[in-house]
Amino acid sequence: MAGVAVLGATGMVGQRLVAMLRDHPLFELKALCASDRSAGRTYAEAAPWRLEGEDADWVADWRVRECRPEALPDDVDIVLSALPTNEAKAMEPVFAEAGLVVVSNAGAYRQDPRVPLIIPEINPDHLVMTATQPWAGALITNPNCCAVPLAMALAPLHAAFGVEAACVSTWQAVSGAGYPGESAWDMVGNVHPHPGDEEDKLGVEPQKILGAPGAPAAFVTSARCVRVNTADGHLVSAQLHLRGNPSPEQVLEALRDFTPRGPALPSSPKPLLYLSDRRDRPAPRFDAGRGGGMTVTIGRVERCAVMGVKLYALAHNTVRGAAGAALANAELWTLQSR
Amino acid sequence: MAGVAVLGATGMVGQRLVAMLRDHPLFELKALCASDRSAGRTYAEAAPWRLEGEDADWVADWRVRECRPEALPDDVDIVLSALPTNEAKAMEPVFAEAGLVVVSNAGAYRQDPRVPLIIPEINPDHLVMTATQPWAGALITNPNCCAVPLAMALAPLHAAFGVEAACVSTWQAVSGAGYPGESAWDMVGNVHPHPGDEEDKLGVEPQKILGAPGAPAAFVTSARCVRVNTADGHLVSAQLHLRGNPSPEQVLEALRDFTPRGPALPSSPKPLLYLSDRRDRPAPRFDAGRGGGMTVTIGRVERCAVMGVKLYALAHNTVRGAAGAALANAELWTLQSR
Amino acid sequence: MAGVAVLGATGMVGQRLVAMLRDHPLFELKALCASDRSAGRTYAEAAPWRLEGEDADWVADWRVRECRPEALPDDVDIVLSALPTNEAKAMEPVFAEAGLVVVSNAGAYRQDPRVPLIIPEINPDHLVMTATQPWAGALITNPNCCAVPLAMALAPLHAAFGVEAACVSTWQAVSGAGYPGESAWDMVGNVHPHPGDEEDKLGVEPQKILGAPGAPAAFVTSARCVRVNTADGHLVSAQLHLRGNPSPEQVLEALRDFTPRGPALPSSPKPLLYLSDRRDRPAPRFDAGRGGGMTVTIGRVERCAVMGVKLYALAHNTVRGAAGAALANAELWTLQSR
Amino acid sequence: MAGVAVLGATGMVGQRLVAMLRDHPLFELKALCASDRSAGRTYAEAAPWRLEGEDADWVADWRVRECRPEALPDDVDIVLSALPTNEAKAMEPVFAEAGLVVVSNAGAYRQDPRVPLIIPEINPDHLVMTATQPWAGALITNPNCCAVPLAMALAPLHAAFGVEAACVSTWQAVSGAGYPGESAWDMVGNVHPHPGDEEDKLGVEPQKILGAPGAPAAFVTSARCVRVNTADGHLVSAQLHLRGNPSPEQVLEALRDFTPRGPALPSSPKPLLYLSDRRDRPAPRFDAGRGGGMTVTIGRVERCAVMGVKLYALAHNTVRGAAGAALANAELWTLQSR
């Protein structure tokens, strides 16, 4: 069992990590770290439990630690980072330099040429990039919560045909904004075009994942990202120009035939991609929990008069798109480096 | 004052028509018609008021009539049809044959080569198509509730540059499904990919509107239509390939410079197109009511890496996209034929 | 293993029953029955799966049967009824007369003096009423979905102090209306006072449960029932006049000390009552799933200036309040009659 | 025309005040004041418009001022305060001492024995309390947003019968928490028991309003306050013990016969109380806008087995319950002091 700590443990993704680490077959949670505001308080005080179902009573009395390597107990090998971007930018290299393996969900280093951006069932080979990292430890990242379902849907198609271009739209859940995140006033009976840089991320992250280390894939994507009044589950539409202009049937076959890469991981579900044949699916509330939140549901693979083919993909944004993404990357590291 | 009747008066669009006909400067409401199930009952019994704000007390005691020309009083000149597709298909020609001007919101005859599909500030000249119609009266239609904001945003761009192709996505309100329409179970904390033929309509209706009578415009569109948990207001994203690949600034200028065509209409708002410069707009709950629900709000006109340029457009789907669309067409007819 | 069939298998509660019967330790699902409209079709065609998470693929191809005893296979001993009231009224005695044990969630016979109304951890002794029933089989009912959390919160207090009166309010989930149930138009950004007879049920069902067979408890309740825009989980407020006017601390102690009655049941959770000490709980989305949906969460036990003491109780309305209620009653029957 | 300034102009209630002051027959808006964070910026920068419909373009370029009397222009006579409690506590007496009439929506001084708590159509005579106030100006308050519909529904009944006790529940809109207020994560598909002191306010404010100056009415109330996923409109249930135990019909008659007190006010609607006879009303989205948001809708006046009689009341919480409440109080002051 490797000892792990969670950085940013009091946030939305931090709580998902805590929940997923209970009874994990490879990892034992040793420490919860968060901002100075929270450090020193019990976890229950600093972060009243706000996920569905049973509370995390087992860690309720733990004392939250500061986000510094020295604050960690000795038996921590891996830190799972759910830090906000700025804190991640400042502290993740410090943890890596201290010899820890930093598995990060933050956006700070995703485009750093030294750092792999990994979905472990898609591009586990990118882990090799850590070999030449300047730190005593290592730093691994996972994609943005919308880039995850997009890249996972594109992976089989890029392998089978080659992706040329994608017009993308999203129907994103409020949990993607963290906690407290969006104001209820803005969301009730409403949708909210994403004012930040999410659209830009969808233009570079799938390319880095689906390319070779250091050589991003060359296709172009342009996205419209809109927050909707759902709790969990990002629905993504992709209108795709694929090389050779395959038919929807050929695309479906490629999706069906896709074999996840890399080692079998505890957090990796079967199936990885669930193909729904229902015309009104995928839908966030119904499909986000599939495979414990780690399965991506794909549906409505159809002819697109403009681009060639179109489809929907949906992933639980704080599990497959965040906490589970980091956790699976940590599993990949642990199993690969054995 | 022209006498008007509402067909399908008990539905969602029927109630909007009733609300908009109160104190109308050109029209006097004379009769409410609906299905046999409702006929004979008072309007309040047949259709308990379900719009926001004051009830339509002035028509509460009216007796609902059958949907037949003979059931109308003599002083009705125009019928505004909010009938379901099948009923519209069967009955609208009967009313037209009886000498009435049928101004329809239904989908049944929108693609009929004899019938104009009109947004009165965009293609009022299509009204000429009624001159050769086979009926004693006339039949005019307005577009689907998503096609309205799309066509209205494209109109200035088609005139200024020429539209080549559009990738479209929608975030559609539940009122678009009528009443009772969507199940609350399917919508609460959820979004619902539209299982019907809405996407197909967006591939033909803008073309008919923006072309010449009998000669649809040649551009291609491909849409993804998703119902979201909003009451009113369809948000539409368009990623556009325009001839000459104009910049976002040039596109904004074309939108700003657009002059509505045709005569001034009582229901036509100022401005027709409202250009928002806020990054998180348009948003349905905040923007749908602009201009009494008749203004289309456009925002986020930006470079699109795939298609050239992209933007959002939003319209109140049961006002600008349905009841108000029909009413404005009736106003156009009345003012043109004077 | 007892063989069971589900009546009304295509509805909201029917699907919950199917989900809960998978891998059940006492029961084997043998047949799915529904209306004539559904009979003969596969279950997947008749009732596209609409619960969260994995589909019920194991029964997708089953042929739906008619709702008649003769339509059942021979090895069915128990029928779990999720029929609408009128169908239940007509058919449940027919199944009971045919020798089957009918465990019903319907409201039709809850107030029948021959029929027990049971929450198995509260009044399992009422099962004795079946001994004098006129049918070859038996008929057992469970309470209305709001009466369940109310009666479960009152049970320890009625035992410890005696309930005199209760002012009750509800914040009820849309699933309580079945499928399609409430119109999304009525619920989006809205709440909906319940127009039916739900309030009346809360005035008689807790009394029957907390009294002796044939002798309902004498306290009075008056309720206001309001549907809110939540998926699952009925929140109930009770302002209580208890004999002797105990303090909130004494009430909490009685709740804490309550021992569920009857035999241990596979579907009965630990704890049966979860006492939350958070000021903003219970909340439906967060607490409804506790104990697999079978735990009732109670919170905010406080002094009431009018009645003496007040508290909130919350239960998953289609699990603890419907499907799970019936299933647990079937378990009680099976274990008691051994 | 009296010159007015808005304190706390950048918040939810501040924006409603700005909207209601446009083209007001008695008042001219002269200044917008807010926190130091906002002071010096334009209003559009400091408070991007977030109400439905047209933006407040007429004040977009105004410079926000500091919340000090010296920051006001000379021609301001009345300040309308939408300040948070602590700021109100500190600054409202300072403005009053500076000779201004402070008409406050804040909770800070509602229970101060020197300060009247006024609903102008209910207890305009309480204005007399300002005569003995220690300040050069005056300080007037309006009730909490839930206390408003409660007190307005009780007023006719207290006059006709005498209120003895009330068990109260609320279904409160998110706008009541201000902006950003509630987290969307907490509200989507959820309800949120109010963790603050709202319930306590409902136990003292109606009493102060319905009593004589300095002598609150003696009845007791106990409330359960729950936030629901609605934008605007607080629904309140009251189960009432009235002296003499009148029938629902008698209660309805008292409500129907109620004559608003005091002078006719520009903001006071006709009718003040709208009595709905629909079983599923009042409902926030449909009824909150009645009378421009200033009418209280009452429904379901029925026998209560516990308390005697019960009813629902609904008011737009940021209009009748906040901005409009303050504005109408300012109108009362202006018209009374003439």
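Order of writing sets the chain letters: A, B, C and D. Residues in each chain are counted from 1.
Everything that follows uses one rule, which is that contacts are C-beta pairs under 8 Å (C-beta built on N, C-alpha and C of every residue); 3 or more make two chains touch, one makes a residue touch a chain.
Note that the structure is a prediction, hence the values are computed from the model and not measured.
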| item | value |
| --- | --- |
| Identity of the chain that, by mean CA position, is farthest from chain C | B |
| Contact-pair overlap exceeding half with B-D, pair selected from A-D, A-C or C-D | A-C |
| CA centroid of chain B to CA centroid of chain C, Å | 45 |
| Separation of mean Cα positions, chain B and chain A [Å, integer] | 41 |
| For chain B, residues that touch 2 or more chains besides their own | 50, 186, 188-189, 229-231, 285-286 |
| Residue ranges of chain A touching chain C (in the complex, touch as defined) | 48, 50-54, 188-189, 231, 278, 285-286, 288-290 |
| Chain D-facing residues of chain C, complex | 165-167, 169, 171, 186, 188-195, 203, 220-222, 224, 226, 228-231, 235, 237, 239, 279-286, 299-300, 304-307, 310, 312 |
| Touching residues (chain side chain C, partner chain B) in the complex | 12, 50, 174-175, 177, 179-189, 229-231, 285 |
